[in-house]
Amino acid sequence: MYDMLAALINGALGWGWPEWALNLLSYILIVTIVLVVAPLQMLFFTYYERRVIARMQDRVGPNRVGPEGIWQPIADGVKMFTKEDIVPQAADRIVHFLAPCVVVAPTVLMFAVVPWGPGMVPVDLPTGLLFFFAISSISAVGLMMAGWASNNKFSLLGAMRAVAQMVSYEIPAVLSLIAIVMIVGSLSINEIIAYQTGLIISNRDLPGIPDLGLGWFVFTPVGFVAFIAFFIAALAEGERTPFDIPEADSEIVAGYMTEYSGMKFGLFYLAQYVLNFLLCAITAIIFFGGWQGPGVGWLYAQGITPDNPNGNGLFNVLAGVLGVFYFLLKTYIFFFVMVWLRGAFPRLRIDQLMDFGWKFLIPLTLANLFSAALWVAFTRWGPAEGMLITVGWSPVLRWLAAFVVTLAINLGVYLWLTRVYAASQAERRRAELEELSAAA
Amino acid sequence: MPEMTPAELRARLAEALPAALVEAEPLAITPPPAHGPQPGLFNPPDPVVRPDQLVAAALFVRDTLGYAYLSDIAVVDYLHAGCFELVYRFYHPSGGPGIVLRVRVPRDEPVVPSLTPHWPAANFHEREAFDLFGIEFAGHPYLRRIYMWDEFEGFPMRKDFPRQGDKYLGGESEG
Amino acid sequence: MLQTQELQVNIGPQHPSTHGVFRMLVTVDGETVVDLKPVFGYLHRNHEQIAEANSYLQNMPYTDRLDYFNSMANNHAYAMAVERLAGIEVPERAEYIRVLMVELTRILNHASAVGFMINDMGAWQTPLAFGMREREKILDLFEMASGARLMCNYFRFGGVVRDLPPEFIPNLRELLRALPAYIDELERLLRDNEILLQRAIGIGILPPEVALSYGVSGPVLRGSGIPYDVRKAEPYSVYDRFDFDVPVGKVGDVYDRFLVRIEEMRQSKRIIEQVLEQLPDAKGGHINPKARQNVRPPVGDAYARIESPKGELGFYLVSDGSTRPYRYKVRAPSFINLTPLADMCRGYKVADIVVILGSIDIVMGEVDR
Amino acid sequence: MEVVVQVVFGLIALFILVAAAMVVSVRNVIHSALWLIACFFGVGALYLLLQAEFLAVVQVLVYVGAVSVLILFAIMLTRQISGEGVRQLTSRWPVVLVVTVLLFATVMAPTLINQQWNVPPAPPLGTPEPIAGPAELGRGFVNEFLIQFQVVGVLLTVALIGAIVIAFEERARRRRVLTLAEELELKRLRERATQTETPEPVEAEPVARETRPASEG
Amino acid sequence: MTASPFEIEIPRGRVIEVQRDDTRVRRGGGLLRGMAVVWKHWKESFKLNRSYSQIHGTFTIEYPEERPRIPEAYRNMPILLYDDETGHELCTSCFQCERICPPQVIHMTQAKDPATGKPVPAVAEFIIEYDACMSCGFCAEVCPFDAIKMDHEFELSTDDHTQLTVHKEQLLRPISYYAKIAPTMWAEVRESALKKLQGNIRRRPDVIGLAPQLTEKIAARRAELAAQAAQAAAAAPVAPAAAPAPAEGRKLTPEEKAAKLAAIRAAKAAQAGESATPAEAAPATPSPTPAGEAAPPADKAAKLAAIRAANAAKKAAAGEAPATPPAAPDASAAETTPSAAPPSDKAARLAAIRAANAAKKAAAGEAPATPPATPAGGTAADAPADAPPAAPPSDKAARLAAIRAANAAKKQQSGDGS
């Protein structure tokens, strides 16, 4: 994105800018864009969620402020700003004040590595994916601060739950992504997107597939299982139903946010929705090709790229618009799914959540990791790496073999795990009874 | 469906617990009016049980007769007759009409043995009776006010409780 | 080693899922409930005292306000008690209309009770909204007949206020056509839902013998496996003329109560259909007893109970021969069904408390009276 | 550019030192933990300054995201969080100071002695080799340092299993609160154990805890 | 635990055990089924659901633009009916509704023939406290003349609480209005109601019964009546002055306030036991006079004043005797307001008397207190003599207050005795 902006500045204001000024200007621009986009997404998401869930409940939803209620989030924001800021008497004032900041800052930082379109990533870190999760884990500290500083039992319970949940669901989330990382061979988010060209089948796995930008990972068995596991973990990370235990309003009022009001509460709200946006976005990026889609690749190839410096800048813009469109479309669809889940499901209990995470999701993602290894072995390895079975196979055959093997493994593991999981629950009940009878 | 008339119940009780029954005379609920006919006397057919034999009678009803469902305990304050009457209502889980045991205690010393330790269904009924009528249930494990706040004085459902609420209204108009 | 410490948490009186102003003083060990004390009375208005100062008829609208979900059922129980006390006959058509109304009440109560319970489990309003959907239509019908949606005040001693309006029956038939699909849909949304099963199975078990010893009634008792239904056990009104089944649970947990409620809705629908078949013509007798404003029953007492949607609702009246009841006592099902709450919650997690409370289905207006 | 990096380094180093000092000097344990987190952040920033992105990110992920949360969890389980009445320094603090300084000196001495102080400044930050990218790390783990890596892995696994065992023992020893159904089951089992011939009476017998409220008062 | 311990036979039905089905291994199918249901709702929610046999679709009625169908039987708040043509009200002030009203929010006074002073079957003042009304519909049900009916109007919100105490003028609606909102229900009662109305018109052609909407229409007749009345009794008030009442209902507030203020002051003074209060209470006396010609009396204020006065008397009696006078003058102040028009309401008068009596009784021991109280009572008793009988509304609450005051005084006395 820096190159693009630098080119833009040079083009618009004349060449010959010193390096540092270009740097400074383009980074200021990037940061401004991120800081504007993040709250806008949050505003849109609150409106979007309310309208969608209202429809699911046979209602209309907010439709009074502005046309179809589009200004409702603005009105809510104004309300948030004008509300009294209450700090409990017994609260730890400084920590109570800092907590929302600590929660919000990482969510905004995470935007740094999100690519919006072809060549439109603020910072293309080689370790982008890892950066994303490292930063997201910081907000756990903020939640902890909020829960503790409020000096309220409900807050503390909520914070404990939130942190326990975030920490334990980070593992399946990262494990499921590692499967993809293994296939791609890079932690860079751009690389991951670049891998997903093709049509149903990625043309990196099977060269020769026409590039329609549809070679998404979700169409492979490995990617599909990883997608399911990651999305579930993302629900838990983003505190969405059925994992909204930290703020279970029917149990602990509002969790760690109980003692917050006014704009501080608004900041938590902001952080939550921005995080949701980012999780949806990362799901779209990793498993659904991000900005990939029919036409984007071709358009971008015509534009100015590092490979093709003499392209037409108009195509860059076109590719950008189309890419952003695809990307946002996918993201909003995932958020729709999140809202849909919220409309349909009750929430789990905290111990059930832990059970599910540790006893079902983590084994599943571990098995998926194994499948991913097999996938790489079948599609890419040769005798040099010790893969002797596939010697002499055509790429199609290799791909087919990889598909069948991983499908068999993943399906088998899924069926087996559901049974084992159900059995473990029954087993636990039986064990408890036995314990009792032993006590008797 | 088992059915049992009050007379039958009285007979069974008399057989099993001869000391429990009391011959209850009819009550006049209100004082006779200055003019006009005297309304009749209140004379329900159900057996009236001595307070100290209540637990035995109730358990007899439950364990022997099988009326294992304690539905209701109603207290009536017969101010004119000077007594509280507790109406215990039992039903058989197999259906059919219920049976009633009555207990009468004097108004100035309303103490009844509690049924709660033997029959938890009585718990809230008894607490309610204590709260609103001030009936002491001896042996109740947690006899606290259930509706009114703990500091409340008096028992609001008694017939001699001041109805107009002068006490509170007077305080209110000071401000 | 790690020393755990018991913590006292106040759930309520102002809490999203206590169904009103209800407070639970919960002692928890980690997330496990060690002890629970229900505290209520925040809505106490000494209903019985008010009733003793009013004439018999004047009490009718006050009974609406006991369990404001089921005003028709409350009306029915009270009207029956006064009719027993004063020896008033009810014309047949009026009896049928009463049964019709009470069964409609049962459907709407169970629909919203199920919705509220799932809401307490954390489903964000959707099952509740679905539960409210048919409720709205039934309330429309109530409004058509009685003039009010919630505080119906429809029953009178010896009948009902006025006959059903002409558009009532066709609309009801139309509603009945949609009802099975509606109930099925509610069931399909929730019944097999793995999350609901996790939250409901084995939670809040109330074994049958304990349930009986606690004197609970209604779906809670039947969910524990005891087929005690006042409509069958001591048929009142014209309930002995209808075929319907009594659903019971197996284990007595939250899930059983949920299933019993769903099934009872179906049975109520059966009853309503039979009522529509058997409903006598209006010519038979007057059903608007305008003359009965001043009931003056003879000295005596009477107790009437009905199977209200929440359980056994009883009214005990003592008359001293005047126009006012000398004693008026309500046996409120929600109140008594709370008795075993502490024991039902013990040993479960904090999050289960609200679910168990939701499965009991209380209304504070009735609990506090 | 050089100067900017120096200045930034100085600021970060100052921040780390201040945070570290606050960790040991504030009285509130939670505040202390929060300062520790700040300190971790500073270290992560230093890595970033050295262009060790992967290391920086891992520092944040592991230390800020996991370790510090663990520390916070542990602290919140303790009873006394605010140590207002606790003295910060023991009476023999000079001894401690001397010992600490000696230890620090021992650690630092080889570096100080062997370091060649007069090397020319580092080459300009144009295109340096990444110090430890994920690929190099991975290759190192499975090639050169395989044994060490395995040993560490086994060690951690053992620790994990040990923790689980301890937790299980703890759970078993803990007073369990019985639910109503369990209580009944227990009673039934007890009865079956004592007298196998008489069947369970079906009558509703209140179970065990009706009298409980009395004890609380 | 599985088998029911009781063998229970169920007539006409059976006991069915619910299908729990909880041993099956589940793989997420139930979740998907639930999602499918929600999806269906989402998809269908773009059409409206307005029929009884429809289970999908949006329910929301977007209120101000779209109105719900209101069934005929709908009842919200009671209204009074009058005949469209003649303007005569159907109400005959039989007090049935006042008696049956469960929350006791209906208050009325019977009209009196201005000429003879005899009560006639018409209503002089009719007040319903909408804020406490529970919309039970008993009043409409018991009314033998079908004069009181339940309205369909539900937009009653106001920012002024006192506006929810609704007087006759605001309650009156023409019959045609009711016939429009509830055609069949009106058709049922129409015959008998109109017959009774005709009877009433015949019986009381010359008395009140005026709807605000018909003021001009009947003004001529009114003036005629007034002239007759003026001829008949010189002391009688000018009837037309009393007629255009509704507009002035709200204008009275300053006067009410003044009365209230005076009462509060009196009470405080009495509490403190000062003797200087008459001077303070005095300013209250002139203020009602100018505005006082209108019909609706300062009911609430007077009520309040009575209560306060009574309390003050009580307090005073508890404290020291000299404090009694302020209460009585204040009461008389409330009495002697306008001489031309209805002076103040009967209830307040009554309350004043009672209060005075109570004070008298309470202070029976002390001699100095009695004399000032008696004159006050005297003025109060004198007041009704020159008060016109046109609009003497009684006020139940005020009566109650008076009784309460008396009781309090009695108690006080017994307290003194013991």
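Letters are used for the chains, namely A, B, C, D and E, taken in the order the chains are written, and counting of residues starts over at 1 for each.
Just so it is clear, a residue touches a chain if its C-beta (ideal position, glycine included) is under 8 Å from a C-beta of that chain, and two chains touch if they have at least 3 such contacts.
Because the structure is predicted, anything quoted here is derived from the model rather than measured.
Enquirer: From the C-alpha centres, identify the chain that is farthest from subunit C.
Expert: It is D.
Enquirer: By C-alpha centroid distance to the whole-protein centroid, which chain wins?
Expert: Taking the mean of C-alpha atoms per chain, the most central one is C.
Enquirer: Hey, which pair has more contacts between C-betas, C-D or C-E?
Expert: When C-E is set beside C-D, the one with more contacts is C-E.
Enquirer: Using only Cα atoms to place each chain's centre, name the chain farthest from subunit E.
Expert: Ranked by distance of C-alpha centres from subunit E, the top chain is D.
Enquirer: On a C-alpha centroid basis, what's the spacing between subunit B and subunit C, in Å?
Expert: 25
Enquirer: Starting from the mean Cα coordinates of subunit A and subunit E, work out the distance between those two points in Å.
Expert: The separation of the two C-alpha centroids amounts to 63 Å.
Enquirer: What's the distance between the Cα centroids of subunit B and subunit E, rounded to whole Å?
Expert: 40
Enquirer: Based only on mean CA positions, could you tell me how far subunit A sits from subunit D in angstrom?
Expert: It comes to 26 Å between the two C-alpha centres.
Enquirer: Using the touch rule from the top of the page, what residues of subunit D touch 2 or more other chains?
Expert: Expected reply: 178, 181-182, 184, 202-204, 206, 212-213, 216.
Enquirer: In subunit C, which residues are in touch with two or more of the other chains?
Expert: Where subunit C meets two or more other chains at a single residue, that happens at 126, 130, 133, 189, 193, 195-196, 207, 209, 212-213, 226, 228, 232-233, 252, 340.
Enquirer: Residues of subunit A touching 2+ other chains?
Expert: Expected reply: 56-59, 343-345.
Enquirer: Of all residues in subunit C, which touch subunit B in the complex?
Expert: 40-41, 44, 46, 48-49, 53, 212-215, 217, 226, 228, 232-234, 298-301, 303, 305, 312, 314, 316, 318, 320-322, 326-327, 329, 331, 335-336, 338-340, 368-369
Enquirer: Taking the touch rule as given, give the residues of subunit C at its contact with subunit E in the complex, in rising order.
Expert: 54-55, 57-62, 126, 130, 133-134, 136-137, 140, 143-148, 151, 153, 161-162, 165, 171-172, 174-175, 177-178, 181-182, 185, 188-197, 201, 207-209, 225-229, 232-233, 235, 240, 242-252, 255-256, 259-260, 263, 290, 293
Enquirer: Which part of subunit A faces subunit C closely enough to touch in the complex?
Expert: 53, 56-59, 153-154, 157, 241-242, 244-245, 248-253, 342-352, 429
Enquirer: What residues on subunit B touch subunit C, complex-wise?
Expert: 1, 29-30, 39-42, 44, 68-72, 74-77, 87, 89, 91, 93-98, 100, 119-125, 128, 132, 145-149, 156-157, 163
Enquirer: Considering only the defined contacts, which subunit E positions touch subunit C in the complex?
Expert: Residues of subunit E touching subunit C: 1-2, 4-6, 8, 10-20, 22, 26, 28-31, 33-34, 37-38, 41, 49, 51-55, 59, 71-75, 100-102, 134-138, 141-142, 150, 184.
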